[in-house]
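Below, chain A partners chain B and then partners chain C, in two separate complexes.
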Partner chain A sequence: MSDRRVRFLTPVVTVVLAFVVGGLVVLASSANPLVVYRSMFVGAGFDWPFHLLPGNPFGVNEMIAASNLQSTLVEATPLVLTGLAVAFAFRCGMFNIGGQGQFWIGSTAAFLCAEHVAQNQLGTWLGVLAGMIAGMVWGAIPGFLKAFRGAHEVITTIMLNWIAIFMVSWLFGLNGPFVGEGNTQPISDTLPDTAWLPTIWGVLQPVTAGLFVALAAAFVYGVILRRTTLGFAVRAVGFNADAARYAGISVRRSMVLAMALSGGFAGLAGSVSVLGTDHRITSLDVFASQLGFTGIAVALLGRNTPLGVVLGALLFAALDAGARNLGGDFSPELARSLATVIQGTIILIVGGEQVVRWAFVRRRRALANEAAG
Partner chain B sequence: MTLRRVGQSGVVLGFLALLVTIPPVNARSLAVPLVLAALAAVAGGAALVHGERALGGYAVAAGAVGGLLGWAATSADRSTVTAIVTAGLFASMLRYATPLLFAGLGGLFAERSGVTNIGLEGMMLTGAFFGVLCGEKSGSWVVGLVGAAIAGGLLALVHAFFSIHLQADQIISGTAINILATGGTAYLFRAIYGTGGYPEAPRIPEITIPGLAHVPLVGGVFGTLNLMIWVVFALLVAAWFFVFRTPWGLRLRAVGEHPRAADTVGINVYRVRYVAVVSSGVLAALGGAYLSFGLLSSFSEGMTAGTGFIALAALIFGKWRPLGLFGAALLFGLASALGNSLQSIGTLSVFWLFVVQVLPYALTLIAVVGLVGRSIPPAAVGRPYAKR
Partner chain C sequence: MKTTRWWATALTTGALALTAAACGSSDTTSTPSTTGGAPATGASTGGAPTTAAKTFKVGLVTDIGGLNDKGFNMLANKGLEAAKADLGITGDVKESKAPTDYIPNLQGFAQNGYDMVIAVGFLMADSVAQVAKQYPNVKFAIIDSSAIDFKTNAPVAPNLTGLLFKEQEAGYLVGTLVGAIQKAGGMPGFKTGGSLASVGGIKIPPVDRYIAGFQAGAQAADPGVKMLNGYSGDFAAQAKCKELASSQIGKGADVVFQVAGGCGLGALQAAKDAGVWGIGVDTDQSAVNDHVIASATKKVDAAVHAAIKGLVDGSLGGGTDMVFGLAEDGVGIEGINAAVPQAAKDAVDAAIAAVKAGSVTIPSSVK
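And then the complex of A and B:
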């Protein structure tokens, strides 16, 4: 098989394997995995295109399917961005586990900016920008600490995650400085709808301009990596830091910038979530959210390529949105945990997959040696 | 006075900055803790500049923390302070420190052998769930503990296989372990007990020491404690002895610092790492079990809520040493206990709650960066070893 085909096929095989593992889990709790997966597929709204077929042969309810698909796209939007965040750092040979913290710092900055600067579309887009910049700053910290103090970014980002989480939950918590006026719940004010991102499709949970922000970010990601000096430096450092240094690339500068941009993507995810979908920040969400961690799965599955990340985000969003569609014996909560299991399995397989490929190559070489000898 | 003494007195002064503001001394003026903290910082700074780097760093840190908390204590009114600082607070500190110690010891073995284990959180959660499951089904907490240990060990075996044999990225594998455990335990919990189920497992017993319970102050802290707290104290001592005073401990450290050299002298690197990682899972799971049916009496989804990560922080802050881990876990446990009583009293500003909650992570961050007594991990940690 050509290298290109292997590169395309491995994620597909990974996903299939993970679904098989998930299916076994479903079987173990005496439900039919095919039925569960089918209703997740429908719940994600992936049956929507079928209504376009002449005569609607599958009898798809266009309204329901559209609304399901909208939820999937809404959930995919921040995932594309947190996925890009993890992917960009990976390209520089670093592991950004800090997406969670950068996301919430971004959310907070975006929310405060949109609430205070101007409650109109200008404020909204300033808010989007503020979220990105705040994420960049928060992300640059571990990059800086790694470049100049040699502190491992995994440890520093884990610590910074919790610092951010507690900080945001304090800011918007009970008696906190930004809790909504008169709120007895730890929730901020709701942004006036003039400050929301414009909607594009749907009513109930509409797809917003945030989706375009995410797709544009994926495009920019590709351009930075492929077409700029910075991207070249980042990739060079990721391949081999010593060689890059020898070639005159500033490894430290690349690390700080890569982590800053990585944090910027995660911060942007926070911006589009709070300005597009949630319109407010609640302390409980801050602790419950897993978007930063799901971003790791998205990036690993998408092999750090922009298209891969978009597709990976779509898959995980569909798993989550589709879980809501289940009922009866198989509760939505159960389905959501199942989605988490599948996600974990994917990460595990991707982690071990390099090795599988390496084993293949070695066997092929051994065979070749035998044939030659 | 020697330099060492200066540093040591700096540490003591830092602690004093806090101690004078709480019962029984109860200094009410902000100046008192601040002056003491400043003295601690000066002493620490002097020691730092003149070569006692680690000790000086500790003194500066003690001064900063003591001053900050002393400031918090003087800014609250007297009754609040008396309500917070009780023997109960320190007993509660021990309770919060215990899961950190179990998981931290687990992390210590894995990382000393050269395998990063950020899957501690997931292994704790797994122990918490399977402990309750086995305990509830059998009606015995002993079976619960055994079940937790086996489940944690098996999950750690997955991590070991991927990071040792398959030489996968250990961070990726650990992340997968965490996510798998989150999803897996939540799934099984719902599948077995349904929505809103509340399985009650028999709890790990509390041990009351008859003579001690009536001694003032000490009795309030050590009089009645959970069995697992005493167990983890014993484990700490045993771990210290094992790692630093036995040939097996030396092998463990050799594998974590320089696996190639260890291999050359005939140590089986893979075997040492497997044993270390699996025991790390067992220990973390016991910590989780303590959470679910020692401290509490049942399981809830995602109940570890980052405890595994604080344990990791405590391990790093304690510089991968049992004694250091103990100190860090006590400090972080105190932070949790303080946070808890601040929340229940609710008269102190939420800002101080935030400061207390964030303290473990901020301190660890500072330690890793090396501003204060730098934490340096085992040399080969996180790097897969390829046999030749």
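And then the complex of A and C:
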């Protein structure tokens, strides 16, 4: 098989394998995996297109299917962006685990901008921008530390995650500076609906313009990597930093910029989440959120390509949304965990393969260095 | 080349979708006994025997803590189970993993013909208000959050009921207990002369109500006793509460009151390790270890059961709060250790009577 077909087939096989493992878990709990998967398929709203068929042969309840599909898309939106964040850093040979922190810094900047600059569409879109810039700054710090001080980005991004999480949870904690006046809960005021991202589809938790922001970001990601000198430099550094340096590429500059852009994607995820869906920030969500970390899995599954990341995010979101639909005899603890089991299996398989490849490249490089030096 | 790849991707995605659809349609004909439940089709009917009287359907949505939090999510489910057993209702639970789960979970129940949807935890306050307005014919209840908007003083939605607790009364009772022991010169294994400490989780109102009551009760029983208070910033990580409790014990704490959910189990462990007493919270935690002197309890299960009972007998309206204190048997003190001297137990009984009679004022916030 050609290399390209292998690259394309691996994620598909991975996902199928993960579903098989998840199916075994379902079997172990004495339920029928096919029924469960069908229920998840419906829960993710993927049956919605069938109501368009003449005569609605599958009897799809259009209203319920629509709200299910909406919640899948709503959940996929920030995942696309945190996935792109991780993927971009990967392309430069760096592992950005700081998506979670960059996400919250971005959320905070976006929220404060929409709340205090102008509570209208101008303020909202400025907020989207502010979130992205704040994420870039937060992401650039580990890039800078790596480029100029040699501090490993895995360590620094994890540390910066905690700094961000504790800072934001203090800002929006009980009696914190940005908690709504007179509010006895650790929660900010809810933004007025004039300052929300425009609604595209749905009522209660609708799909917003954030989805298009995410898709546009995926497009921009591809353009930067493929069509710009920066993208070329980033990829060159990712392939082999020494060779890139020898070729006259500034490795330090590429690293800082790659981490900044990576953080920008994660910050943007924070922007669209808070302005599109949550409309407020509470310290408890800050501790509980996993979007930045899930982005790692999405990037791995999507093989750091824009289309791959979009599809990966859609799959992860669909698993979560679909698991909500498991009820009845299916215990709620298992329902909630089944999506996690499948996601975890995907990460295990993809991650295992990537680690082997990474170690192999390192070793080859080390051998080459030995031979040269 | 590029186009080929796009094309191939689209094809496979389509194939995957078709496979899923195919296995979906083949299953519609069979009705397996162990159904994973497809409530979204609107055809599911719980599974309880249908009687002539209306069988009420109640849905419970947990917050991000999940059902196994050994705290209010678990207790709420216990209340639902109790109602299923004695009120003849059917019930289902959905767990939330992230804030984006709240609306779909609440709406999922409302869309599928449930009569009542219970949201566990104030984090869902916004979401439940939105969904309640969208589904005016469904009753909604929310635990630990008021149905009255604190700004406008008007009901959030006419079909939403808040279920609130007077945690300060439970805190007051355990404070009275240890204050009385402290004043009487201790008991076996109870060092005296030191301070009484509390380990809070995240500083949110229910946590602070417990602590404020604890301090007031201890001060009332033993005026001038020194109090220590700290927050771990966490409801889950036991190590954090253990560390905080250990440092309080190092500063001379004789008793540690944990108000931090799962995290606080670490505080109880620290108390046992240091040979001092711990106080449990929310549920009777005397089974955690043999150094738990008593627990301040909050009967979320009783509140959920009461709300469902209101639904069944038609007394549950909306737009108001149901507040559960000592008088309503919504909070209390449980699992008092056998070694506690009778005098201290008497002091607690006196405090219970005084609180029920309304003759003491207990603060609800920590100074």
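Everything below uses one rule, namely that the second predicted complex is superposed on the first by the 350 of 373 C-alpha atoms of A that agree within 3 Å, B and C clash if a C-alpha of one lies under 4 Å from a C-alpha of the other, contacts with A are read in each partner's own complex, and residues count from 1 in each chain.
Everything below uses one rule, namely that a residue touches a chain if its C-beta (ideal position, glycine included) is under 8 Å from a C-beta of that chain, and two chains touch if they have at least 3 such contacts.
Quick caveat, the model's predicted, so the values are computed rather than measured.
Participant: Based on the superposed arrangement around chain A, label chain B with chain C as either clash or fit.
Facilitator: clash
Participant: On the A-aligned overlay, A:E333 touches which partner chain: chain B = first, chain C = second, or both, or neither?
Facilitator: both
Participant: Regarding the shared-chain residue A:L257, is it in contact with chain B (first), chain C (second), both, or neither?
Facilitator: neither
Participant: Just to be sure I read the superposition right, which of the two partners does A:N68 touch: chain B = first, chain C = second, or both, or neither?
Facilitator: It touches chain C, and chain B stays clear.
Participant: Contact-wise, after the overlay, does A:D278 reach chain B, chain C, both or neither (first, second, both, neither)?
Facilitator: It touches chain C, and chain B stays clear.
Participant: Comparing chain C with chain B, which touches more residues belonging to chain A?
Facilitator: For chain A, the partner with the higher number of touched residues is C.
Participant: Is A:L79 touching anything from chain B or chain C once the two structures are fitted on A? First, second, both or neither.
Facilitator: neither
Participant: For A:I97 in the superposed arrangement: first (chain B), second (chain C), both or neither?
Facilitator: In the superposed model, A:I97 contacts chain B only, not chain C.
Participant: Could you tell me if A:A297 is touching chain B, chain C, both of them or neither one (first, second, both, neither)?
Facilitator: After superposition on chain A, A:A297 lies in contact with chain B alone.
Participant: Let me test your reading of the model: by the given contact rule, A:L197 touches which partner, first (chain B), second (chain C), both or neither?
Facilitator: Once the two structures are laid over each other on A, A:L197 reaches no partner at all.
Participant: Just chain B (first), just chain C (second), both, or neither: which does A:L174 touch?
Facilitator: It touches chain B and chain C both.
Participant: Find the residues of chain A that appear in the contact set with chain B and again in the contact set with chain C.
Facilitator: Dual-contact residues (chain A): 166, 173-175, 287, 333, 336.
Participant: Enumerate the contact residues on chain A facing chain C in the complex.
Facilitator: Touching chain C from chain A are residues 4, 8, 12, 26, 30-32, 34-39, 41-43, 46-47, 50, 58-59, 61, 63-65, 67-68, 71, 74-75, 166, 169, 173-175, 182-187, 190, 203-205, 277-280, 282-285, 287-291, 307, 311, 320-321, 324-330, 332-333, 335-336.
Participant: Give the list of chain A residues in touch with chain B in this complex.
Facilitator: 25, 29, 95, 97, 145, 149-152, 154-156, 158-160, 162-163, 166-167, 170, 173-176, 287, 293, 296-297, 300, 331, 333-334, 336-345, 347-348, 350-352, 354-355
Participant: State the interface residues of chain C toward chain A in the complex, per the touch definition above.
Facilitator: Its residues touching chain A are 5-6, 8-9, 12-13, 16-17, 20-21, 23-28, 32, 34-42, 44, 46-47, 62, 64, 66-68, 92-95, 97-101, 103-105, 107-108, 111-112, 122-123, 125-126, 130-131, 134, 145, 150-151, 202-205, 208, 233-234.
Participant: Would you mind writing out the residues of chain B in touch with chain A in their complex?
Facilitator: Per the touch definition, chain B meets chain A at residues 116, 118, 158, 162, 166-169, 171-173, 175-184, 186-187, 190-191, 195, 305-306, 309, 312-313, 316, 349-351, 353-354, 357-358, 361-362, 364-365, 368-370, 377, 382.
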